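Next up: the structures, one after another.
The following pair of complexes shares a single chain, chain A, combined with chain B in the former and chain C in the latter.
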Partner chain A sequence: MRSGYVAMALVVIAALLPLVFVSVVPVDVPRALRELGKYYVLNTIKDSASPEAVAAVVWDYRGLDTIYETVVLYLAIVGGLAIFRISREVAKRAIIGLTVLTQTATKVIALLIATISSAIALHGHLTPGGGFPGGSALAITSMLIVPVFSVYSLLERGITSTRLIAVRGLALTALGLVALLPVIRGLEIVTNQRFYPAGLGPFVISGSISMYNLFEFFAVASGFTAVAIYLSIPEELYRAELGVGGA
Partner chain B sequence: MILPLLIIAVSALLSLVFVYMAITEKDLLKAVAFSAGQSICYAILLQVMAAPDIAMTYIAVSVGLYSAILLFTISKTERYEEVGK
Partner chain C sequence: MGVLESYTYVLVILVLALNTMMSIYGIVYRPSLVKKLIALTILSDTVFIAIIFVGYIFVHPLVPPVYTGAIPGETEYLAKHASDPLPQALVLTGIVIGLAVNALIAFGIIQAYRLAGTTDARKLVKSLVEEGVE
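And then the complex of A and B:
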């Protein structure tokens, strides 16, 4: 690990270089907004009723692109499921997890992550965040649960990858419906403010942005949980399925 | 004004070190850990550059999901890269 120390020393030296540079040459960071940025800062709240410009760009200004991205990810996960599919039921085994200490700690952490991820997703139209980061954060709970409590603890509760793909399909259908509904009134697809209300009672929902975030949250979380489950099915099952190797 | 520059410089260089260690490491589990370290450096960069949305997604995907999926994959193969080939 000698090279590691050398590298660390180099990092410290190189980090001091900008300090020297800035003290010799006056650096001025440009603070003026460019025209495009100015447009979004001034008009986002009017165009999409969302104070969060990034959410407005992702789900409103370029909403159709984001919906296509979601579909691409959906197809990737379905493809993975097709490769890793097994025809037989996963035989139930004794649930062997890690120690009680690890399991209790994981329970607490999983609860915390689930709370934070739903906050990220449901506040996505007001603060930084959104459906995709929230959903990926929620999927991390299942990635923690699988090694600590074993995959059978999930399967025993009826959480199978096929069902999760079904949940994902439903969430994506709802997402597509939200995008398509404005067409009924003769508006273009993925219309936000001219069709959906900006608020619901005392809550700011920013039209369709919060709905998209909610459905994307479920879609991404269930999709990645399905990946975790089918990646953790033991290799012996596949060998038995293919009839190769003395498993 | 100096502090953001300093943070950017340190985390960018630290990420380079992590990348080097991840590539040369023969123990794949450690390599995944170094890769996650590199991702944390990038997340710090994104946060300093005032892109919290991207930083959030980046942490969830590249530190959490990516490392977890790689660990699952390593559990299906072998832990050590073969030396001397």
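And then the complex of A and C:
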């Protein structure tokens, strides 16, 4: 009880301290963009044919950085799965999920999440979003299905971690190819507008940005789904694999 | 209005500093590896908020840096009223990479628990010494 009062007093002091500070020292808040930010906002449509400046920075202006970040993502997930490897088949078990009510609601919600996440990824070059948030949102679907229907319902439908890793490898290969293709014409790696078209018929595709978003969407979604599956495989199986008894 | 904006500005900086101190305390002094991981996620989120805060400007209305083509003279309007796209782009990828790295650390902690039966850093070191691994 005593510590509760102390914590409350500390919060009040922390809230009042800046008020005292600004009444003594005049503080100028930033009211204009930095020159760099202004450049991105003004030239994004001309340089990368993308109306959304964030997507243009991620996949065009700083495209090479993002490719390397994708490599970090790939290695982190590979490292995790290497620690959690299992050599034997996951034995099938009876599926025990939650009630029918929860399962039906989850089916509707999972469909909605899958739809919205693909919209986030495919609109990534037009509206805020992109492959990274879209893929993370799609991975939520499997993280929702695992507690409600059990992991065996995913494995029975052929969504195994081996296949997911294959999908992720293919998506990352495609991503690398999109980045490397301009090199055959003698352009730099991760070139966008000088190599890829800005539009496809009536659609604005912003050159390579929409392709990167699509492949990153699959790579992130399959990677995190594989992580979710590995985390929800029963503990006994890993213990048998390691040869350690119950702790 | 001016005082309120300055107050918000200084308050955010103070809260970020307190958050940083708290999470570094958690990483250094908490013996449980799980609590260390939680403190690490708080620290990374604090850094993301700090990066976003660098790109924030006090104008009204503040709009996302998206060109719609609907308003005449929109690029000039965006140059005055849009938030900085660069910090947002950095944080956008950073969150997902951070999630993957946190998953890797969590995998390591779970594996340590399976092998040693504890997530307490001191007990883990003791069990390593007992096994002859220095």
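Just so we're on the same page, the second predicted complex is superposed on the first by the 212 of 247 C-alpha atoms of A that agree within 3 Å, B and C clash if a C-alpha of one lies under 4 Å from a C-alpha of the other, contacts with A are read in each partner's own complex, and residues count from 1 in each chain.
Simple rule for what comes next: a residue touches a chain if its C-beta (ideal position, glycine included) is under 8 Å from a C-beta of that chain, and two chains touch if they have at least 3 such contacts.
Just so it is clear, the model here is predicted, and its values are computed rather than measured.
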| task | With both structures superposed, pick whichever of chain B and chain C touches the larger number of chain A residues. | result | C
| request: Check whether A:G4 is in contact with chain B, with chain C, with both or with neither, and answer first, second, both or neither. | output: first
| task | Based on the superposed arrangement, let me know which partner A:G80 touches: chain B (first), chain C (second), both, or neither? | result | second
| Who does A:G130 touch here: chain B (first), chain C (second), both, or neither? | both
| said: Quick check for you: in the superposed arrangement, does A:L242 touch first (chain B), second (chain C), both or neither? | reply: second
| Is A:V227 touching the first partner chain B, the second partner chain C, both, or neither of them? | both
| request: Once the structures are superposed on A, label A:A171 by its partner contacts, choosing first (chain B), second (chain C), both or neither. | output: neither
| request: Once the structures are superposed on A, label A:A14 by its partner contacts, choosing first (chain B), second (chain C), both or neither. | output: both
| query | Looking at the overlay, what does A:V22 touch: chain B (first), chain C (second), both, or neither? | reply | both
| With the two structures laid over each other on chain A, which partner does A:M143 touch: chain B (first), chain C (second), both, or neither? | first
| message | Let me check the overlay on chain A: which residues of chain A are in contact with chain B and also with chain C? | response | 14-15, 17-19, 22, 27, 29, 54, 128, 130, 132-133, 136, 224, 227, 231, 235
| field | List of chain C residues in touch with chain A within their complex | value | 3, 5-7, 9-11, 14-15, 18, 55-59, 64-69, 75, 78-80, 82, 84-86, 88-89, 92-97, 99-101, 103-104, 106-108, 110-111, 113-115, 117
| request: In the complex, go through chain A and note every residue touching chain C. | output: 14-15, 17-19, 21-23, 26-34, 36-38, 40-42, 44-45, 51-54, 56-58, 62, 66, 69, 72-73, 76-77, 79-80, 83-84, 126-128, 130, 132-133, 135-136, 220, 223-224, 227, 230-231, 235, 238-239, 242, 244, 247
| In their complex, what parts of chain A are in touch with chain B? | 4, 7-8, 10-11, 14-15, 17-19, 22, 27, 29, 54-55, 120, 128-130, 132-133, 136-137, 139-140, 143, 147, 224, 227-228, 231-232, 235
| Which bits of chain B are touching chain A when the two form their complex? | 1-2, 5-6, 8-10, 13-14, 17, 20-21, 52-53, 56-57, 60-61, 64-65, 68-69, 71-73, 76
